[in-house]
Amino acid sequence: MIETTLTRSSALTKNKLPGYAMWAVLAASIVLGAALSALLGFHIASFAIFAAILFVAGSTIVTRMVEGSRRATDRFATNLIFGAFILALVPLISVIFTVLVRGLPGLSPDFLFTSMGGMTGTVDNNTVETGGPVLGGAYHAIMGTLLITLWATIISVPIGLLTAVYLVEYSRGGPLARAITFFVDVMTGIPSIVAGLFAAAFFGLLFGPGTRTGFVAAVALSVLMIPVVVRSTEEMLKIVPNELREAAYALGVRKWRTILKVVVPTAISGIASGVTLAIARVIGETAPLLVTAGFVNTINLNVFAGWMSSLPTFIYRQLMSPTSPTNTDPSTQRAWAAALLLIVMVMLLNLGARLVARIFAPKTGR
Amino acid sequence: TDAAGTETSASASTVSGTLSGVGASSQAAAMDAWIAGFNAANPGASIQYSPDGSGAGREALLAGGAQFAGSDAYLKDEETAASQEVCGPDGAFNVPAYISPIAIAFNLEGIKELNLDAATIAGIFRGEISTWNDAAIAGQNEGVKLPATPITVVHRADDSGTTTNFTDYLAAAAPEVWTTEADGEWPAELDGQENAQGTSGVVSAASATEGAITYADASAVGSMGKVSVKVGDEYVAYTSEAAAKAVEASTPVTGEGRPDADMAMDLARDTTESGAYPVVLVSYHIYCTTYQDQETVDLVKAFGEYVVSDEGQAAASDAAGNAPLSANLQEQAVQALRSIKAAS
Amino acid sequence: MSKRIDVKGLNVFYGDFLAVEDVSIKMEPRSVTAFIGPSGCGKSTFLRTLNRMHEVLPGARVEGEVLLDGENLYGPGVDPVTVRSHIGMVFQRPNPFPTMSIRDNVLAGVKLNNKRISKSDADDLVEKSLTGANLWKEVRDRLDKPGSGLSGGQQQRLCIARAIAVSPEVILMDEPCSALDPISTLAIEDLIEELKSDYTVVIVTHNMQQAARVSDKTAFFNIAGTGKPGKLIEYDDTTVIFNNPSVKATEDYVSGRFG
Amino acid sequence: MSKRIDVKGLNVFYGDFLAVEDVSIKMEPRSVTAFIGPSGCGKSTFLRTLNRMHEVLPGARVEGEVLLDGENLYGPGVDPVTVRSHIGMVFQRPNPFPTMSIRDNVLAGVKLNNKRISKSDADDLVEKSLTGANLWKEVRDRLDKPGSGLSGGQQQRLCIARAIAVSPEVILMDEPCSALDPISTLAIEDLIEELKSDYTVVIVTHNMQQAARVSDKTAFFNIAGTGKPGKLIEYDDTTVIFNNPSVKATEDYVSGRFG
Amino acid sequence: MSSKSIQGAGGAGRAGDKVFSGITLLAGCLILTVLFAVAAFLLWQALPTFTAPSADISGGSGFFTYIFPLVIGTVIAAAIALLIATPVGIGVALFISHYAPRRLAQSLGYVVDLLAAIPSVVYGAWGMTVLAPALVGPYNWLAENAGWIPIFAGPASQTGKTMLTAGVVLAVMVLPIITSLTREIFLQTPKLHEEAALAMGATRWEMIRMAVLPFARPGIISAVMLGLGRALGETMAVALVLSSGGLIASLIRPGNQTIAAEIALNFPEAYGLRLSELIAAGLVLFVITLIVNVIARWIISRHKEFSGAN
């Protein structure tokens, strides 16, 4: 007994790799990785892969030898998790880099505040020949995206919020609630084009064939947005502690007032970020907009009449049928600039939601 | 045509309203030019065009969801019959509006031009000829240093009018090799080839791949190498004139119940006429013979006539790089458009 | 404002499970009644039937009568919401509304019901309630700060202030001190002593010393085993329960010899 | 297995905030030491420095020495993971792993070091630990049911069983009974009495009676005001602290006259 | 005294409760109605496909023969996407929730959320112009050195536009979805259980395995399902990135096609029966998501007893 105590006690300090050990392993892996990769004809990608594999294996083995298998597993998991993160960064940075590099040159006040009205291939041909600035802009598409998304939000948020309230506060887990939860999940899987076709057909039945307006598009997007709103709001309402509801009931407050004045405000920051997520989910949709909102080059600010462009359809059209087939560069530039713009818009939206969250968040004091 | 032109602008200043068209994406660039040009002359009117695709365009016209359609294929007989429901007793009719040669473009370093006959082209696109230095190719291109690069065929992934016209050419001009019928979808049996969505898709995929060959609207292929196709005994490179010549040689489509104004035509792909480039796409505008009210009729006429006018064709070819309609076709088109009337 | 509570043959259910069986008990106005008993014997459950908070839970229901000055809380046409504004409740864990200031927390019962109240009336009510909860001095100059910034004991007193702001006749407390330190506990016990002069107070506690210190009468609940219903075993003056109970189980329990 | 803990001049920080200042204290093996004091005085914080759980919180750090039989826990090259396997901990709220069965909960810590433990060894260990935690009889025939299905007191004892299964030298308990009813509390107190013969036990409690009942020595912590650091005021035999403390604050606190 | 009675009073208030709960119920039912309307619309439009003679269907041998390869293609694409995105996504989420320093973690979370919003056209364009060309080399290498594995059989595509590329693009697209959801759940793991594990002498990874992952299991499944929904239904990105074709085992040659892309590519030119076929394909996709959801629910409910929801 005394002996085990002794060995265990000295184990408090024994067997620990010195701080520089991992750097040494890293350096060794880089050198070895470079060598291996050079054997196959040096390439930065194969080098990175070899070095990474060698480092993960090497550090795990070294740790295992010195610190034992538990630490080795821990080290291995840590390496994998850092690895996953770095791995994920590669494509994501590549996407953002691509969008920035190709989009930034096209972002100008002109691009923001003019439409494509009157823009023809002749103009682009001229631009390319004379090397002048790319004319035409995405104002009409920006406004279209804002309006359509706004309307989609106006439709989806109340429905989604109320449904979530029903599920969390009223349903008591009955069959209807289970059906709603299930089908909401199914709804998250509706292919976006199907949502678009549905909205187009529905409005075709109501207002005659070929009815295409911003509002039809908003309805299509709502079909995609509602389930996201329901799901996130539901989760947020669920984590509002029951104690708060009971506190309100015990004061003689009616249930609906409790929900509106206590439960929802407590969850508002979560709800706001859920709605942001939902908007982000649909703001980049292309396929359903193509069949519901039509496509124009001119400005239309009326969602209830006339066709409307949006940033995603603008991007798509500029890429797939460039304004000048002969000189596609101006169109490509517009497309990437619009993509960048769309991302910036979502970023601002996110910031806005954070602000909302900050303002309404439960105060923790201190 | 001069008369048509002046009359168009004379009546134009008075037209107003909104005209919606849906249809072929091949015309999209030209349509931008037409809309811009027409709007400049007729500030009170507005035209919108959604380049959703030819099928979608015809579908929309027949369902009453659009006042005109752009289509790479003319209305079939049964579609014409169906059009009576929304277009009055005479139904709808086709007017050629946009003619464009289809270039057969390849990506081989240092080679800008190759001569090929239809059978060889068909063989290449069927994958039967798989390297660039194949005897079939070399035999027609003496003096050209062909590499042993494998041929990568890039075709359209989406259903497209370009594919229809290209396969129609192959089926007509090289029936022994190209045994499948013309269709907008690439033959399913030719599996395992590269493909891409849209004209810009195939062009960018082919430009990025050494040894690739594709077919695309001539205006879009840029600096890639182009094939001169064998017509009769000579090899013809695509030019606007050569394309127009091929269209001239085509035969009008006749059929039960087609309105008098209809200008649908079957292209003579196997023409041997000297200087004609038969790999060409004709895209139509499809209008109703009868519209509900006079205002729409005026607007449609004005727009339709502007499109086929010298001015309109020039604007389009400036912007989209296509081939203008011949004077003869312009004349016919104006006549046809004048027959549009309001329901009484 | 204080009222008598008279419970007659009450059975309390969770769905089909009978949690508390056949309780009859009378609680006098202007007095403190303590409920004691082992965990799971139904003290909380029973307490929550006294202001119809029980039925907030799905499947929960009640048989029998609870009379408030002779009026049956479970009678036809009685609105549970009205009942609760007459019978306030304080919970085990302090639960101020996190989105509201101290002031708004006190006014919650009024404001959440959309009752109009003038600024000066509101100020008076806030001061009165907080004073009544022995909290006024500590928070008077930070009324607009969030309630969750207070210490646990202060939060619990804030909850009491919130409960008395709607001027109830009865105040129910479910282990109000179990999450608090001894000093805060003492403050709350003092407060209960004061509240007694205006309200009927019913308190559930695990702390026998606390029951002995604050209550006039004590009810001992017990349970025969898991899955069995809880029952009221003995109900008498606190001094009797702690010094001279008539039932053996009570004596075992209060002397810590239970089990 | 029991070991002596010797703390020398310990300062505990949360970021820049000094939560506990300059504590020096010796805890003997095979004894129970109780920490008492008002809420927020740093009892939990200090307790958590004894097995380096403190540093789990972001920004938390420590100055000074904690010697376990002469070895500094905060010495260079000491791995906190090893420290924690020598010094077990039981928390205020019972926290069995909800996704594990009772059996797996007991074995959770053991399996970390000894993956290939044989079935019969494991069975023995489960029985021994559960018996040691006074829980064996109650759960022997549902060892494969989830631990979260037990009552609060049972869950707390399960957590103790889990802690002793890895045969630590010291067991730290942070208000282990505050969420429990008196019967469960009694069971735990009995258990602490037994644990003492094998382990060094340190317990934080709000319940002065409990401290008096179970501990051999008692440490009284206090705090001068919000934002000030907590300090060790007096540390002595439990009987001395409760009957004849040398500091006035201690006397005020243990007699409930504090404030 | 009567004013203090518990009787009467509050009829109006009760009505408020009724109205409000009625409205919420209505909203719930509206969602069901919309969903059934979508299903009915799909069925109605798809009907001609099921009644048409099989020779008239694309491919000439009936709808099943037509749709089967597409279903398989869809499943392959989604499977590749999830096989990559699930472990990486969970890894990134763990990195943000348990490994990265606090400040960094917050901004990282923000960036990841942002990525969920990049329109699919952009991912498609990126996949087509950046990723696919970059993968040609590795594909050639794979075809040469690992060609005996059926999924790497050569000759490799010379444009890089293959199923594997499409799968990778889809993985990049669903990664933010999985990451942001699982991250939230990881962050909600009760401190109680994490500390229980740590106090027992668990290393960080052991703590994660003991406390975090079991707690997050149902959430991870939901997140993966949400990602799967996106991967199954994604249209534009696949349409742009994949050289489509018939069913083929090799993932580095042109071939295979997903339902969503098939619809997007052929819809513009489709009319009549072809249109109805494509909508029938949409219906099939809808049914697939339904089945997937049923399976997910079943998996989650199977472990209810040990779910940690107490």
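Think of it as A, B, C, D and E in the order they're written, each chain with its own count starting at 1.
The working rule: contacts are C-beta pairs under 8 Å (C-beta built on N, C-alpha and C of every residue); 3 or more make two chains touch, one makes a residue touch a chain.
Just so it is clear, the model here is predicted, and its values are computed rather than measured.
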Separation of chain B from chain C in touching-chain steps, minimised, is 2
Which is the least count of steps on a path of touching chains running from chain D to chain E?
1
From the centre of chain A, which chain's CA centre is farthest?
C
Consider the two chain pairs A-E and A-B; indicate the one with the greater count of contacting C-beta pairs.
A-E
Centre to centre, by mean C-alpha position, how many angstrom separate chain A and chain D?
45
Just give me the whole-number Å value for how far the CA centre of chain B lies from that of chain E.
39
Rounded to a whole Å, what is the gap between the Cα centroids of chain A and chain C?
48
For chain C, what residues touch not just one other chain but two or more?
81-83, 86, 113
Hey, what residues on chain E touch two or more of the other chains?
13-14, 129, 203, 206, 267
Using the touch definition from the top, which residues of chain B touch two or more other chains?
25, 52, 197, 201
Can you list the residues on chain C that touch chain A in the complex?
51, 53, 56, 58, 81-86, 88-89, 91, 93, 95-99, 101, 108-109, 112-114, 145-150, 159, 162-163, 166
Given the complex with chain D, which residues does chain E contribute to the contact?
102, 190, 192-203, 206, 210-211, 214-215, 217, 303, 305-310
Residues of chain A touching chain D in their complex?
1, 5, 8-9, 11-13, 16, 70
Within their complex, chain D touches chain A through residues 1, 3, 68-69, 71, 73, 75, 77-79, 82-83, 86, 112-113, 169
Residues of chain B touching chain A in their complex?
18, 20, 22, 25, 28-30, 32-33, 35-37, 39-40, 46, 48-52, 60, 63-66, 197-201, 217, 219-220, 222, 315, 318-321
